[in-house]
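I'd like to ask some things about the structure below.
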Amino acid sequence: MNVARAASPPGAALPGAIRRILDCYEGESAATRRNLVRLLSHGRLGGSGRLLILPVDQGVEHGPARSFAINPAAYDPHYHFQLAIDAGFSAFAAPLGILSAGTDTFAGQIPTILKLNAANSLAVAHDQAVVAGVDDAVRLDCAAVGFTLYPGSDAFVDQAEELRLVARDARAAGLPLLVWSYPRGGMLSKTGETALDVVAYAAHLAVEMGAHIVKVKLPSEHIEQEAARDVYAGGNWSDPAVRVRHVVEAAFAGRRLVLFSGGASRDTQSLLGDARAIREGGGSGSIVGRNSFQRPRADALAMLGEIVRIYAAANSTRSTPATRN
Amino acid sequence: MNVARAASPPGAALPGAIRRILDCYEGESAATRRNLVRLLSHGRLGGSGRLLILPVDQGVEHGPARSFAINPAAYDPHYHFQLAIDAGFSAFAAPLGILSAGTDTFAGQIPTILKLNAANSLAVAHDQAVVAGVDDAVRLDCAAVGFTLYPGSDAFVDQAEELRLVARDARAAGLPLLVWSYPRGGMLSKTGETALDVVAYAAHLAVEMGAHIVKVKLPSEHIEQEAARDVYAGGNWSDPAVRVRHVVEAAFAGRRLVLFSGGASRDTQSLLGDARAIREGGGSGSIVGRNSFQRPRADALAMLGEIVRIYAAANSTRSTPATRN
Amino acid sequence: MNVARAASPPGAALPGAIRRILDCYEGESAATRRNLVRLLSHGRLGGSGRLLILPVDQGVEHGPARSFAINPAAYDPHYHFQLAIDAGFSAFAAPLGILSAGTDTFAGQIPTILKLNAANSLAVAHDQAVVAGVDDAVRLDCAAVGFTLYPGSDAFVDQAEELRLVARDARAAGLPLLVWSYPRGGMLSKTGETALDVVAYAAHLAVEMGAHIVKVKLPSEHIEQEAARDVYAGGNWSDPAVRVRHVVEAAFAGRRLVLFSGGASRDTQSLLGDARAIREGGGSGSIVGRNSFQRPRADALAMLGEIVRIYAAANSTRSTPATRN
Amino acid sequence: MNVARAASPPGAALPGAIRRILDCYEGESAATRRNLVRLLSHGRLGGSGRLLILPVDQGVEHGPARSFAINPAAYDPHYHFQLAIDAGFSAFAAPLGILSAGTDTFAGQIPTILKLNAANSLAVAHDQAVVAGVDDAVRLDCAAVGFTLYPGSDAFVDQAEELRLVARDARAAGLPLLVWSYPRGGMLSKTGETALDVVAYAAHLAVEMGAHIVKVKLPSEHIEQEAARDVYAGGNWSDPAVRVRHVVEAAFAGRRLVLFSGGASRDTQSLLGDARAIREGGGSGSIVGRNSFQRPRADALAMLGEIVRIYAAANSTRSTPATRN
Amino acid sequence: MNVARAASPPGAALPGAIRRILDCYEGESAATRRNLVRLLSHGRLGGSGRLLILPVDQGVEHGPARSFAINPAAYDPHYHFQLAIDAGFSAFAAPLGILSAGTDTFAGQIPTILKLNAANSLAVAHDQAVVAGVDDAVRLDCAAVGFTLYPGSDAFVDQAEELRLVARDARAAGLPLLVWSYPRGGMLSKTGETALDVVAYAAHLAVEMGAHIVKVKLPSEHIEQEAARDVYAGGNWSDPAVRVRHVVEAAFAGRRLVLFSGGASRDTQSLLGDARAIREGGGSGSIVGRNSFQRPRADALAMLGEIVRIYAAANSTRSTPATRN
């Protein structure tokens, strides 16, 4: 673990925020807990209990030109390692190829998360191919592994069974499991993919299946499932922080780290607004990909600095197992 | 095994009711028999030969809000562990995520049953993904594993072959196998899913495939299969206790523990009526999920206390291998 | 092996009928041959070279009520063990659940055959789920394993490949393989399932795939396959014994044991007529399930006694490798 | 190896024809080469570099009556072993059941080839079930294993991947691999299955996938593939020996043994004409099944004697790597 | 490694071009790096950082006659080994059968690459059967393994998961992985298969999935994906060298070797023009198959000599990680 930038010096007692989070991960091995600490200690949010993660799988998902032509330096995997280090991210998440391409140069400088499955936009099917394994993550000295689930899709049963094997291997290797839980397909409308009920359900499924950290999209006010309409009726869901809090509740009432993303490229003010809602709703942080590397490096560093300041502000008022006492 | 609440002190001879049940489980290992004893000894029905089990897989099956919004404390997995302990349940059954979230805090306080497969209501397909394994159950110190079968569905052949592997692993680990046998799909009408002939058939399939304990829904008077109509003609099936007895007969004439549930939320009097019918028909007990945690904790404890009193009443008049002598 | 009822005392030379059969099983291990001897030595036909087998898989195939309601004592697995012992059957064949339920009580009293796959009538598909393994048969001290094939069905290729694995495991464990070869599906008409050409073909496929014993239905005079019509033209197939002899020829000219059944419940005279035809045609014996346990125990014992007398009568005139010298 | 009938006495140097063939099998283990020698040394063509093989899988492929009723002695597997020995065949190829039925009686008297997969004419699908493994071939002391491919069919990709595993096991066991390469299905017309371009392609695919010996049908003059028409235009393909030579070229220019068959029953003069064309075209020999055992034994021995005389005549004028110097 | 023809004598320091390339392959084992050096050191381009590879899988892909009838000597696998040696290729890539057929004769004379999967034009499906494994490559002393991907096809998910296993085995064996990335099927038009955006995407997918070397077709100016049109708008893509450079960028900005081919038979001037564009665009070399062996040997040697001279000319002006300093 590179603790050079961590908020607390090596050997010091764990910050209270990290200790409270660790206490929620019952039954985990020392190695899995150490890797959770590694993620929670690194970068400018180190020690705060929040995470800020740089994901770079857009090349696979949307193709290289659509991802990097706007900022051609980003064709080089080294660009992203350096950006993650310089902006003070907690970790850098990417597929096998990108992480391999910098594993010697950046060894020990930034925790990495290996994304094990991947979709691409040349394909028709709503599925993700499993293209790397936990053994690769161990070889590349990653701090966690990532896996994408599509709740609602026809591929879900197969994905769930793949995830079980991944979770088993990850447990044996002491690597936490970060699940991207993205509802789609089946009976879901396009709008339904970010509906409040559906996003909360997706977060719940991920933690039931053993995810240590779950990543979802910020939910809208829309309620998709007919059967769930009564349950949400009467609530006031217009405040995004309230919606964040609902999703965090759905993830074992705050016993699991929940990260949010805003999706496609957006203006800086929207991004900062998102971060405030996540912080206020008790979310555990942000995943910021395209909004980081699809703008000039200086702009990105400035924007990310503001996000860090938002999360580093006085603690939110949330009260979950991980924030009590 | 936590025997603190068991009816008989440690070291005492097994109560006769447990001894008679154990004698029906021929060819089982000492470890499997010990875990059956563990389930039959715990809680307020400990030693009576009856079981009362709290299942919490509704978050996965129906989504978190539909399951827990009515009683928000129930979003927290710890709520259910504590409810199971305080109400004197025999055991607590749940998926991987929930059991993991309390494995340290509640170690040794309540026998747990890990549900290995799970369906969800975002999906279209009538199938259950296998999302945990017997190795997880061993790691979490469970007393049994649970598996859901859908007799009649297109997924049945695959499920049956998955079950075979689960049964093999469970046998090696000394863990009894509890099968939720829920007919659906294929040629079955919606009404047919709880038809008397179909429920009896479902119970029989489960025990033929190696289930130590089978859980079915309380059957209606309806007969679904054309080919079975003659066999049931002339019988008087209006008494639910008679229907329970028929299902128990179908499960090797009482040589296997058979549990019943009533399904969706219902009023307390119906629940108590169900329990009386199960007791009189020679059923082995109840599984009470939503009716336990979708009401205020005090109400739930009161209602569960009444169910316990019903089962603890004078033994039924049933005469099966497990109740003779 | 329980040789208490065998025709020859322990230590005596093998009866000639058994010796001639064993000589046909070339290349088999000592353990497989010993288990063939175990089957051929037990019960009232012990030592005669004939087999009489009690199969009880109707609960799985047709449901418990359709199978046992007519004789409710038969809901209890122990009933069938005792019937097989008392009627002098050669062996008792059943699925995992039933055999498990009596494995302690009846240890060493009757050779058992574990049926590894099973279909059920709730399902739509023409397939059999593999629900037990050779390891289960070893654990339950069975004398053989049973497997059902559906030649002609879409599931055949998968079943054949499953059978290969079963045969490999059975060989390693020294357990003979008894194949129920039941044509159905595909291009076959319902009548064609028992057509003479089809039944002979089904028996041939089973022995080509490694079956030590094959079980088919008694064939009718009907010829199903257009391409086979010329070959059968001109023959006189009206005598059921002639049809039996043809099927025995198709099973390597008598080098493999071939058992026959008559199917659904029938009157006693028809059953005895079947047995005479099987004996005269050189068949190796009968499998009698529903006709045994769907009548009162006393009636069943009387009827089975008559079948035994038929088989024990002077040897037939057949001349196959197993009956020569 | 039974060398009693081999052209060269044990201990003598290998005949030049065998030596030249062995030199083409680069990188093969000593055991695989020894088994090739075993096949090339046995029977009346032993030492000539030619092979004459008796295949008996018609019982599986077409049913027992269509295969054997015309010559009922052939229902008995021993008939075929003895015919292969007495007629001086190089080897006897059959499925698991037949080879098992004579493995003790005929041990060491004739090299055997185990056919690992098989189709049957009750089934609708164009597929072959893998019903035996290389471990069976080792147990039965076979000299080679056989596998059928259907180039062009939907099952080809699966078959090719099964073949890979078979080839791996066979290599480890030192057993040569004989591939029956029979195009069918997909875009192919019935006539196209024996078209010159298609048969040459089928032979090429087999050797590219690791076959040591390939067996195809004698090709017709028809050209099936539109894209191949130009390549064949202008050639004179009316002489069957020229077509044989083309197929041999397609199998690595004579570096692999290529066997031919004529298909269904035919008159003796046609069969002898085929053998002459195979010899003149540089083919490695014939596979003669139905034409051997679907006629009286004396007739078959006479006809096979003539085929042997044709192959034993002065060497053809072919010039391939295996026939040069 | 045969270094007889390498640009640098054994024991000498690595040429700078090779050293710079090796530095891009972070985290690879010593064995994998040695095999990369083996490829980069052999033949007339040895030491230059460029590769010229002879692939011979057309017999499988298009059939033997369409591939070799125009130059019949090419039916013999030895022809291609000798051509690769004499023309100074870097390596010879072929399926299992061809490489096996020369493994003794040409041992140590030319690095070989085993193609593990293969399609054929008899089949309808857009899929490749995996017909060889990394174990075969080790046995044949190959310097690398090759695998074909079809991005966009329905088979892609399965291929990607097969590739993962191949990559794992190759890594363990120290063999670099060369991926042929050929988009087809799904939403792609025929023209789209060589569209600039699609080829760049295909190259990117291959390197993300762990390819050490990627082989694509020279892209056209066409843009296929609607979603990518804006990104390419305004660029001038008429120069093929500019298109090559774009694809090289997409493969981690030059950190991975990218090879190009021109497809079907073409005239010599076009081939040389392609080579110039590849060199100027920073591509790593050419794969030249049909254009090598579908012309007389003397013509082929002359043409290949000119390609070598083009690559050996003064270094291009490209500036990628592998060419800097």
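As written, the chains take the letters A, B, C, D and E, and residue 1 is the first residue of each chain.
FYI, contacts are C-beta pairs under 8 Å (C-beta built on N, C-alpha and C of every residue); 3 or more make two chains touch, one makes a residue touch a chain.
Here the structure is a predicted model, which is why all the values come from computation and not from measurement.
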Chain labels contacting chain C and also chain D: none
Equivalent-chain rotation between chain C and chain A, CA atoms, steps of 5 degrees: 145
Numbering shared by both copies at the chain E-chain D contact, with half separating same from different: different
Centre-to-centre distance between chain C and chain B (centres being mean Cα positions), rounded to whole Å: 37
Rounded Å distance, chain C centre to chain E centre (Cα mean): 60
Residue numbers of chain A (touch at least two other chains): none
Pairwise touch network: line, ring, star, complete, or other: ring
Residues of chain A that touch chain B when the two form their complex: 24, 26-27, 151-152, 154, 156-157, 160-161, 163-164, 168, 183, 186-188, 197-198, 200-202, 204-205, 207-211, 225, 227-228, 231-232, 246, 249-250, 252-253, 255, 321
Residue ranges of chain C touching chain B (in the complex, touch as defined): 59-60, 62-66, 69-70, 72, 75-78, 95-98, 100-105, 118, 120-125, 127-133, 135, 139-140
